[in-house]
Amino acid sequence: WDEPLLFELSSPGERGVLVPEPGVPLDDSLPEGLRRTTPPALPELSQLHVLRHYLRLSQENLGVDLNIDVGQGTCTMKYSPKVNDRFVRDPKLAELHPLQDERTVQGVLEIIYRLERMLREISGMDRVSLQPGAGSAAIYANVAMIRAYFAARGELEQRDEVITTIFSHPSNAACAKTAGFKVITLYPDADGYPDIEALKAAVGPRTAALLITNPEDTGIFNPRIEEFVRIVHDAGGLCAYDQANANGILGITRARDAGFDLCHFNLHKTFSTPHACGGPAAGACGVTEALAPFLPKPTVEFDGTRYHLDDDRPESVGKIRPFYGVVPNLVRAYAWIMSLGAEGLREAAEVAVLNNNYLMKKVLEIRGASAPYAEGRRRIEQVRYSWATLAEETGVHTEDIGYRAADFGTHYWTSHHPFVVPEPMTLEPTESYSRADLDEYAAILAEVAREAYEEPETVRTAPHRSTVHRIRQDTLEDPETWAVTWRAYRRKILGQ
Amino acid sequence: WDEPLLFELSSPGERGVLVPEPGVPLDDSLPEGLRRTTPPALPELSQLHVLRHYLRLSQENLGVDLNIDVGQGTCTMKYSPKVNDRFVRDPKLAELHPLQDERTVQGVLEIIYRLERMLREISGMDRVSLQPGAGSAAIYANVAMIRAYFAARGELEQRDEVITTIFSHPSNAACAKTAGFKVITLYPDADGYPDIEALKAAVGPRTAALLITNPEDTGIFNPRIEEFVRIVHDAGGLCAYDQANANGILGITRARDAGFDLCHFNLHKTFSTPHACGGPAAGACGVTEALAPFLPKPTVEFDGTRYHLDDDRPESVGKIRPFYGVVPNLVRAYAWIMSLGAEGLREAAEVAVLNNNYLMKKVLEIRGASAPYAEGRRRIEQVRYSWATLAEETGVHTEDIGYRAADFGTHYWTSHHPFVVPEPMTLEPTESYSRADLDEYAAILAEVAREAYEEPETVRTAPHRSTVHRIRQDTLEDPETWAVTWRAYRRKILGQ
Amino acid sequence: MLAAVGAASTEEFYADVPESIRLRRPLDLPAALRSEAELVRHVGALLARNTGTEDALSFLGAGCYRHHVPAVVDEVINRSEFLTAYAGEPYEDHGRFQALWEYQSLMGELLEMDVVNVPAYDGFQASATALRMAGRITGRRRLLLVTALDPDKLSKVDDYVRPVHDLVVVPGGAGGRADLDAVRAELAAGDVAAVYAEAPSYLGIVDPALPELAGLAHEAGALYVVGCNPISLGVVAPPAAYGADIACGDIQPLGLHLAYGGLNGGFIATHDEERFVAEFPSRLFGLAPTAVEGEYGFGDVAYERTSFAVREEGKEWVGTAAALNGITAGVYLALMGPQGMREIGQTIMANTRYAIRRLAEVPGVEVPYADAPHFADFTVRFTGARTAAEVGDALLERGIFGGRVLSPADALYCVTEVHGKDDIDRLATALQEIAK
Amino acid sequence: MLAAVGAASTEEFYADVPESIRLRRPLDLPAALRSEAELVRHVGALLARNTGTEDALSFLGAGCYRHHVPAVVDEVINRSEFLTAYAGEPYEDHGRFQALWEYQSLMGELLEMDVVNVPAYDGFQASATALRMAGRITGRRRLLLVTALDPDKLSKVDDYVRPVHDLVVVPGGAGGRADLDAVRAELAAGDVAAVYAEAPSYLGIVDPALPELAGLAHEAGALYVVGCNPISLGVVAPPAAYGADIACGDIQPLGLHLAYGGLNGGFIATHDEERFVAEFPSRLFGLAPTAVEGEYGFGDVAYERTSFAVREEGKEWVGTAAALNGITAGVYLALMGPQGMREIGQTIMANTRYAIRRLAEVPGVEVPYADAPHFADFTVRFTGARTAAEVGDALLERGIFGGRVLSPADALYCVTEVHGKDDIDRLATALQEIAK
């Protein structure tokens, strides 16, 4: 589609949906300065035109359901069963107000309660909060609890450093910084494993916590993870496990088993709630008994007869978001776990890891591709590949290859900055895709790599069959030309 | 998408959805010869793969919501408000069994009852049956009632002829024939109006009924319709009004006002229920008191307290379809009429007719296009155009132009056979599309017409940007090569 | 826009509508509910007056069956692109053609037949048309119906074949089975176009004599037409396997919601013989090559049969019918696969057998024909003080929808895979209180 | 596949996981419900234990509002393509970028500001971040909160700004309004980064002093940050119109279902000044030219601000948040248009005023601050024998959800456009019986 902007489709007087007229007199209590005088310059469209516009935009999108979505490594793009959406759309959930009397919401409270218990077992932790709105929010909540924990012990002034690794999600560093900690980042050793010597050098009486992903975004599992935890514990610090990459280890190993004090899950990754263009997601924080008093409030409790919300938690960090969490996604995650059970979860993990290692074998057969670090070792949930050789030999970069893949009906993203692995590409097949899917994906990459060697210009100027062509990124960095809204565009670019 | 056939995606052992296991012993009462021995050779796919397949197929489709769907003239492709789908998906409708006790279905019975009353008013008729599954089924039901009427009067042997016009929907002729009548088809007079002299010549003591559309598929309203009815009545025949094209005359004129004994509506055309790839639709039969005893049964009645189904109708033609009709579409039609009211219905008609005459003006400005008949007169709901001039001058046919339009994101169909209007194209904009839409549609036709004159090969070999290229129609006419199923294709074409 | 077309008012467009038939007053309709919120409130309140099978425990079947509808089915068929497409060409509507051709193909595998139609309105229509096809193929007049038939379906078929056929209902024999001697006698009388049977019958019985009927029909030069429930075909043999020339039925059980009996689709299947294909009134989509090697295109097979092409010279008629319901059934079959179809058939037969046994143990309850193979439906006879209708009333008070009442004593009950053992036990317990 | 990768079993892949931390028993979880039908039955039964606002008459608001959600909104955002996309590039996910950029643009028009973020988690986060942005822009420490705030939001903001700011809650003055003298005094104490107010406040009051606060803040070199309810902005002036530097709030009222409080999105808006733009932690999508003249492309504006780009050197952090909820709000605003937003604001204000008047007439009920302009929420005080909580219990017995209890005597009630006059009258009648 060559679909215009919504604003360009406006036609004066059109209405999309009509509003009930008040059956009572209008109210004119607003004083002059608080009354809107000029109507907002929203576009005016008929309902069909609004619908058509967004349907066309939807078709200009890929997603887990539409393509072989293994290219968003670290994101765990797994299939979200459609039946779970049915629960979410049920008015018995969709039309529940969060402040209703507890007697009228026993069903949803029971689901939250049961989900917490299941995640306790999956992580080994003593309590789990389901309030955070997403994975990074859960990381932040963990940091807030760490802060509250040391504040309660009077150690907060002393312990103002947090240690993380470069292959842990950037939010570990950023949340810690936001919460007031200094951040120390460890780089990998020569084999790509987290560097234990660097940890020893960094740790000390100022250490509040270690925030670490495992397996890291490289797909490498840290075999000395217990030692890492012990070193930090010995220095009086806490250890928080970023479980964004938990999908490959469900039922295999648990946060608590390695000694962690806190952990988090991304329910939209590991537990299949849909990614929704970038949220709403849902996060879960698991903690040991020692940290439990600091959990966000309220918690959901059961007195043997009735479920209720417990707000009487004086040491709690308070609210992380409004009310109790992204409840629709809690219901989806609950249903997903219930449909699989213990055996199914473990099977999902094993299939995901098998898929990952199978795809690794196929990708490494492609000229110009490599998987730096941990030579000859298996990976868990994803692999961070490198096109460094190809880039050197052809001048084609990893972005170009990703864009060109779009011409074949799929795509990948490069990876989080900084590019410690040069020319990176991170693939994570999850358990949702079949061998035929992986073969097709690898074949597309192989074809693009061939083009890079034989007709590099085709790749460098890609995409050719997408909705639009190569975007002028520079205009988005320049305050003179960036346009975050239509009104800004009209003013700055169109001069209106 | 270059999406394979479902069967080609099969992978042994995959399951899309699991079935509950019986909690009781299996039953082995089936005798040998009635037990299936070879499992059906259905494909085996995971749930994600089934979903992806159909999502991709869906994207290879247009529809009212996706394009300027004015090209399916006579089909009344109007917008079906999404809110009406919400009602249909409500378990309070979707999960109702038709044989439930009447006390448990008062809501749906009330809707059917109220819809009947509204359609009585819209048509002027005394009773309306909502049982027929679609428009042609309603035509058939009308013919069946005509047959029952004359059978009850002992005149059926004598009255074995039905008269219709060539610009009435083919189902009028075909249903009459199926029900055992001989069919006489009237052709238009020189001005394109139904030929009253031909009617007078055809009518007589053998005449059972006149089945006629008005306005006809040319968009021309028969100004002598009362006279037509009178002539048939005078000969002792009945008159049935095919109201497939009623959209332009809602609130303007009614079947009863012109003297008809029966009429039908297509709820999926005039009353906005979605076209659903060709059904389910819904039909309505309106009749006068004299014909009411013959209506399909049951009817929905109200005793002042409770709604109930009346099966005690001894003269009824019986069942036209199972149970009571395509109830989801009855609910949609009810909601649509309720959202508009009398004023809204008439406004819809007037806007549709205005759109039609506006588009006619734009199309007639295109080189090679014409609108045969009734020169200089306005049209009602649609116009049957002709590309005869263009075909003569360029060798490009109406099919070619329709296919080429697909390259621009829209389309049209030619028209029902036989092509009395040469090189036909029937456009019906309805009230749903805007002036900008009509301008865009006309511009596409103009561009294709330009191509026909300047680069006819482009049009003759179209489509070029569709999912597939020109289809080898001949293989579908040859019993040696036609393949209605995958198993036939494998046997006949692949030789398996 | 009026100005653009040179009209002073919309009245001008109606110049051909004579004043004598103009309606010069507003239609007398209820006041409009213009805002969507008000409409939702109004219709929602009406629907709230219904109690559906999700709110109660239902044992209703009798031609409309409650099965689990997989979420992916709803997801696909609610797509705007499928819901609002119509009669486009196979270029811009390639997906619709492919989805319907795949439906035909999936049904073909289930039925072991090479030709399946784009769905007709419903199973009633499918049976009626199958019989008229048989009449056209054989050139004969009489039609024998040999298994218990839904009286509503009989009404439809009777009306439909009347102009050209005589319908002969052959009374059933012992144990709910066809009376083969009576069938032989009718066949001997000659001029029989078709023998029509159902598997399972209206009473849920899969008659062991079904294969034998094929031989009888064919010996007499008649066609054998069999109506069947497609969801049974993972365990019950398809009609073609025991000699049927035409198979037909309703796809409602394949992923379609109950919808107060409003969602149906009629399938008609035959072998790939021209004399059969030529008699279909429905559209038949076929797979065809295109101008580009390797591409699959789709289109109408033998279009000249249809009333779209040749009006009253076509076979019966064709029009908008139930295409989307066909796509629904296709998605359903694609999700189920061979294994799913076998398992669902097994579960339903097991539940049916359990229900028959369990209810037959209840004092005051008998199950006629209990020994015959049953699928989903079965007859229950109340021999106590209450009629079947009164039993139904008493069950309703307990939140249970009893079966369809057939006669003062009999009702037709039904179980499917949505019933658990606990549900059947609950019914039995309730009947224990009620039916004595 | 194991063979293809040269592995004997999946155990090999876990070679790096030391035995000491391997879980060598199955997880202790409930038995799986493997068939979809069983799962539907299980979850359906749990959800059936809830009573929602469709089953009762609800007057709950207090930060989560029931509005009519147009069907087209649900249709669009339930599309697989939107629901399952994530972080693709603007080439194969052009539609997602355009839809979110259009969301930003629609909010920009509503707010009369040129820069709007891709939604943050929720309104709590938006306020908290807006205040930290103000702190970074001004380099100052103290934050003044001057209108009544949701205690939950206060909890969140307090936790969030703590490392770098002192939060000063300025007590309110008479009639539920801000105490300007107290604000002046705090400003005079210096080092104030921002004055924060809400329109309407937590208690539903649109404080006439809001414009004056802008002058006070600016004179003191502080920024003026205003939280607002976006659905009010068809009738209430947008914060920018009376001097706000940053506007923020929650998009929940714009087409998002209640979902037990689970659907939110935080908007933050500023004018198009680099010093403001540079402090956003959120993604900001921008419109950009492409290699082909006339094409619209989209991408990230000033990406180097973000923690995605520079980890802890970025502004706070960014991650998956609430993008689809932003698209929801965009579809909602597109459907409503300027006229719809004006009308819905008028209807809500009219209903609120009517409810205040009607309830104030009930013996035993007072409405504090009744004279102030209100939007949706308003405080009700019970002066009779029963506490606000007891009144709530008594209403619940009558199928009515009363307001959020604020104190023994007070509760916060709410009406929107989904309430008719009859609903409010029903509440008043019930209170007449209960509240004396």
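Per-chain numbering from 1; labels A, B, C and D assigned in written order.
Going forward, contacts are C-beta pairs under 8 Å (C-beta built on N, C-alpha and C of every residue); 3 or more make two chains touch, one makes a residue touch a chain.
Everything quoted here is computed from the prediction, not taken from an experiment.
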item: Listed chain pair A-D, B-C or B-D that repeats interface A-C [over half of contact pairs the same by residue number]; value: B-D
item: Which of B-D and B-C has more C-beta pairs touching across its chains; value: B-C
item: Distance from the mean Cα position of subunit D to that of subunit C, given in whole angstrom; value: 49
item: Distance from the mean Cα position of subunit D to that of subunit A, given in whole angstrom; value: 21
item: Residue numbers of subunit A (touch at least two other chains); value: 14, 17-21, 47, 51, 55-56, 59, 64-67, 81-83, 85-86, 435
item: Overlap residues in subunit C, where contacts from two or more other chains coincide; value: 34-37, 40, 44, 54, 68, 70-72, 74-75, 80-81, 417-418
item: Complex contact set, residues of subunit B against subunit D; value: 17-21, 51, 55, 81-86
item: Touching residues (chain side subunit D, partner subunit B) in the complex; value: 34-38, 70-72, 74-75, 80-81
item: Complex interface listing, subunit A residues touching subunit B; value: 1, 9, 11, 14, 46-49, 51-52, 55-56, 59, 64-67, 79, 81-82, 409, 432-436
item: Interface residues, subunit D side, partner subunit C - complex; value: 35-37, 40, 44, 54, 68, 70-71, 75, 80, 417-418
